[in-house]
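Presented sequentially are two complexes of chain A, the first with chain B as partner and the second with chain C.
Right after this comes the complex of A and B.
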């Protein structure tokens, strides 16, 4: 066994001070296996040591929240004895190293987080962020990640219904792959990870353990340097067909009363699953590593404990029920092995070949996990950009630039590779504001979206944090759903730099304010820090995954115009804000200024009003106004339907009115504009007649029309041409 | 000149296809088959006559396209 040198300690991501703490807890020098366990349990990924102080400030409760953060995923009540279970998690670093397998195993991992709690997965989403399109690696990464998501999700038979794809040079060396899964369970049959019952058997099920991804969890918490591409660890390879068997086997066993507790083996594999289960139950655990199914010979205790082989689960069973569980897993041709039992010693004891190979106290290790109050500095306030100082371009030319460029073009090339219809319940398909999946056998639906505008967060983390939550809420509202809760995937740079920590802190503050104002609690999440290469951090990216409930999917509306000769109504204020807008960056070539402020009261008021209109059947199409502003929103509605529109705008600055990214706004199409305007006046909501649908072209103030066909051609061309 | 390239998964990388083959063999009654690892075999006709240069060319092809060197190894045999 190797001696523990300061170099080995450093390689395990532990600071000298942290190692002192290890020595104090152990009362002796740890062996390499024990050091490995400390290392993963105290990594940022498992311990949230830099982020916990701030994450704790987020609102996590509501009457409909059954289980908030701390479990494998969040659980919310959706009525009729059912719950939605969901979470988003990053697989950023593995996807940069091996894009196909990294993204595939990201999907597999988040699926397991959801079905380990007793839910059948019903939908996946993916928020992807890549480097500049012209960067040498970007195309290869896009191709691999998208294929990996499709490869895994399609094979396992869960629809991929939505997500985001964005390009920015700050992601050149650190792409983001944030995968989200939503599942549905019965509220009286939800499974948790807290172990109980001294003497109860600890059981390993699923695939065998190999030398996959050893130290993925510590790698995911370490900054990249140029040579990390050379130090490639053994990449985890996903096997979606085994995952499908594991889903069915787990759900079948969950229908019996054999399971006391269950946890998937994700990052840090057997270590974090066994450790966390015992820790939550205040118990100890003994594991015989000879009983762990392995697929390679000569694996050391260190390798077995830190392996990140996929498609594995750990469970605690009721005593005497082992044979029931074994029969289920035999039937599904999965490994099943009783590898240990719970004890009352409060220690984790690992044996192999009859000898004790690790023996460490669980509670002190968990309690003493470092928690840092890292110094942070608030971001500088950027000046507001005056519309008068931004040159006006003809609106048609500007619109084609925006909808036909890397940011605004259609993502069809991506989502066409995903099976978004499998399971037969997808009502709202990719390309709309939020995806909508029918709750099988009912008329209810779950709406889902993922949102964040990283350039806003970079410019003003506080407003950007608010905006990310508000936009997710708006997108759910725009299909008619009642927003329920969010999962946050916090992707940031190195938190040891006060400016980065400042982004994190301020984004959390903004998010928390929006969550409270919109009754939209955080029920699960994931933190990915150290997304930097050579000191260049990514744009701060707190990705918000969110779900909402639609009482009757028949009432939902899409973004496409339903018919010609309908009135268009703008809900919310006129466009005015060009700072950080697509127009300013892509048409005027200036990525600068303060981002649009978020008025949470207006968000709430306008959104609740729009949702009411949709539920009452008063509107036939709805789209929120976000990236690109009003005209991009209307163009997207036209392209989704093939029906044209004429919109009227006035004001001193046409470009600000058309392309300003002011928040809390929607465009709705209605057969009865008078009724909508009267209702808006009564509700105190700003609204005005914007124009009408009809014809096959888009016009502004009756002039300079562009055919919808020409818009579509520009919109649909960029991605396929880029990937060709 | 002919180049024969074998591309195989690196030691320790999970091979779902090999696992499926192993399973199917067992189901068909072929007993006694342990681990199965599969890979691919590629034959290339190369214009280059100098073996050292040809080998360098094929290695470049392996690194850039034929093998995913993050998870796969390759071996090159030259003939003729």
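Right after this comes the complex of A and C.
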């Protein structure tokens, strides 16, 4: 065994102060296996040591929340004895190093978080952020990540129904791959990770353990440098076929009463799964490492405990039920091994070849992990950009630039590589505001979306945090769904820098305010810090994954115009705000200013009104107004249907009215504008007749038409041409 | 109609096709595990889509040697109708029940989208619900859908009216631009010599419910039920 030197301690990502705590807890010098276990358990990725203080401030409860943060995924009640279980998680660092496998195993990991709780996964989403299109690596990373997500999700047979793809130079050396899974379970058959029952068998199922992914959790907690690609061997390799078998086997076993507790082996593998289960149950655990199924001979205790081989689960079984579980796993041809048992010692004792190779106290390690109150500085307030100071370009030219460029172009090239229809319940396919998946065998549906506008967060983390939550809520509302809850995937730079920590703190504050105002609690999440390369941080990116409930999917609407000669109504204020808009950055070449403020009362009022219209069958199409403003929203509605529109805008600044990114707004199409306007007046909601659908072109104030075909050509061309 | 769906490890459209069958016939099909070696008396066997055995080695190659496939082959020889969809088509070619092979898509990427198909023949129990020449919209979702066979084999398929579907444009023309995967002569589905086995890459079960965006797949299941009940 190697001696523990200060260099080895540093290589394990532990500070000298943290190592002092290790010595105090152990009462002696740890061996290398024990040090490795401390290292992963106290990594930022597993311990949330920089973020915990602030995450605790987020609202996490509501009458419909069954289980909030702290388990493998969040659980919300969707009625009729069913629950939706969901979470989003990052796989940023591995995906930059090895895009196909990094993204694929990101999907595999989040799927396991959901089915380990007893849910059948029914939908996947992913939020992807890449560097500038012209950066030398971007094309390769896009191709690899998209193929990896498709390769995994398509094979396991869970539809990939939505997500985001964005480009910005701050991600040049540190892309973001955030994967989300939603599953459905019966509320009386949800599985948790708290172990119980001294003497109960601890069982390992799934793939064999190999040398892949050792120290992935530590890697995910370190900054990148030029030599990061040397870390490729720490990226795990996914096997979606085994995952599919594991889903079916676990769900089959969960229909019996054999399982006491279950936990997937994700980051930090066997170490964190066994620790968390025992720690939550206040118990100890003994594991015989000779019983762990391994892929190769000669693996050390250190390697077995820290391997991040994929498609593995750890379970505690009811005594005497081992044969039931074994029969299920034999049927699915998966490894099954009783590797240990629960004890009342409060210690984790590992043996190999008859000798004790590690012996650590569980509670001090798992629960006394370091927690930091890192210093932070508030962000500087940026000046508002006056519309009068922004030059006007002809609206047609500006619109084609926005919808035909890297940010605003169609993502069809991406989502056509994902099987978004398998399972036969995809009612709302990709390309709309939110995806809509029918709950199998019912008329109900789950709407799902992922949202954040990182440039807003960078400009004002507080408003940006509010906006990310509000936009997710708006997207669910725009298909007619009642927003239920969110999962947050906090992607930030190095928290040891006060300015970065300030972004984190202020974004959380804004998110929390929006969650409270919109009755939209956080039920699960993931934190990814140290997203920097050579000291350059990414744009702060608190990705919000969200779900909503549609009582009857037949009532939902899409963004495409349903018919010509319908009235268009704008719900919400006129456009005015060009600061941080697409128009300002892409047409005027100025990425600057304060982002649009978020009036949460208006969000709530306008959104509740729109949802009511949809449920009452008063509108035939609906789209929220976000990136690019009003005219981009109307153009997207036209392109989705092939039907044109004429919209009228007035005011001193046409560009601000058409392209301003003011919040809390929707465009709806209706056969009865008078009824909609009357209802809006009654509800105190700002609304006005915007125009009408019809023809095959888009016009503003009756002039300067652009054909929908020309819009579509511009919109659909950029991505395939870029990737060709 | 007594129907069964074969379930391989890695099948993932088995439930979808069972739902579509039940919707049309009112009866849920039997689900047959791949390790079984015998089949009950049946009118229709469906080999569903998915990634049987992970599609490792070659799509459909391992499933073709699965224990149940000997029974499927024997039933097919007796005239029991066999429908292979997507991975099922790949398995049927690997098992020798249909000629040719499904190669990697020409563009090398997985493709999931609705495509237009020209129904080339209505002379089979699978396609009797369509008119020959009719254009229908049915989704594809595959990485290995590029149909290949020697020209003599393709000629024979055409001469014997055994091409069931071709990728086409809105007017029914089998243009290259309408071909999603590079298949020879835009072939999307073929029949065996006795017209009792159909293999096709598109998924009729995915558009057999108006809520999912279309029902052009439903006539296939209705026609089978009508012919075999």
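Definition applied: the second predicted complex is superposed on the first by the 722 of 724 C-alpha atoms of A that agree within 3 Å, B and C clash if a C-alpha of one lies under 4 Å from a C-alpha of the other, contacts with A are read in each partner's own complex, and residues count from 1 in each chain.
The rule is simple: contacts are C-beta pairs under 8 Å (C-beta built on N, C-alpha and C of every residue); 3 or more make two chains touch, one makes a residue touch a chain.
Because the structure is a prediction, the values reported are computed rather than measured.
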- Message: By the touch definition at the top of the document, which applies to A:429: first (chain B), second (chain C), both, or neither?
- Response: second
- Query: Between chain B (first) and chain C (second), which does A:241 come into contact with in this model arrangement: first, second, both, or neither?
  - Reply: both
- Task: Could you look at A:476 and tell me whether it touches chain B, chain C, both or neither (first, second, both, neither)?
- Result: neither
- Query: What is the contact status of A:553 with respect to chain B (first) and chain C (second): first, second, both, or neither?
  - Reply: second
- Message: For A:333 in the superposed arrangement: first (chain B), second (chain C), both or neither?
- Response: both
- Query: Just chain B (first), just chain C (second), both, or neither: which does A:258 touch?
  - Reply: neither
- Message: So in the superposed three-chain picture, is A:420 touching just chain B, just chain C, both, or none of them (first/second/both/neither)?
- Response: second
- Touched partner set for A:97, first chain B, second chain C, both or neither: first
- Of the two partner chains, chain B (first) and chain C (second), which one does A:150 touch, if any: first, second, both, or neither? second
- Task: Please identify the positions on chain A that touch both chain B and chain C, taking each partner from its own complex.
- Result: 239, 241-242, 333
- The residues of chain B that touch chain A in their complex are 10-16, 19-20, 23, 35, 68, 70-71
- Query: chain B touches which residues of chain A in the complex?
  - Reply: 97-98, 101, 207, 210-212, 232, 234-239, 241-242, 295-296, 309-310, 333
- Listed in rising order, chain A residues that touch chain C in their complex are 147, 150-151, 154-157, 239-242, 244-245, 332-333, 415-427, 429, 438, 553-554
- Message: Quick check: in the complex, which residue numbers of chain C touch chain A?
- Response: 9-10, 12-13, 15-16, 19-20, 49-51, 53-56, 109-113, 139, 141, 143, 203, 205-206, 209, 211-213
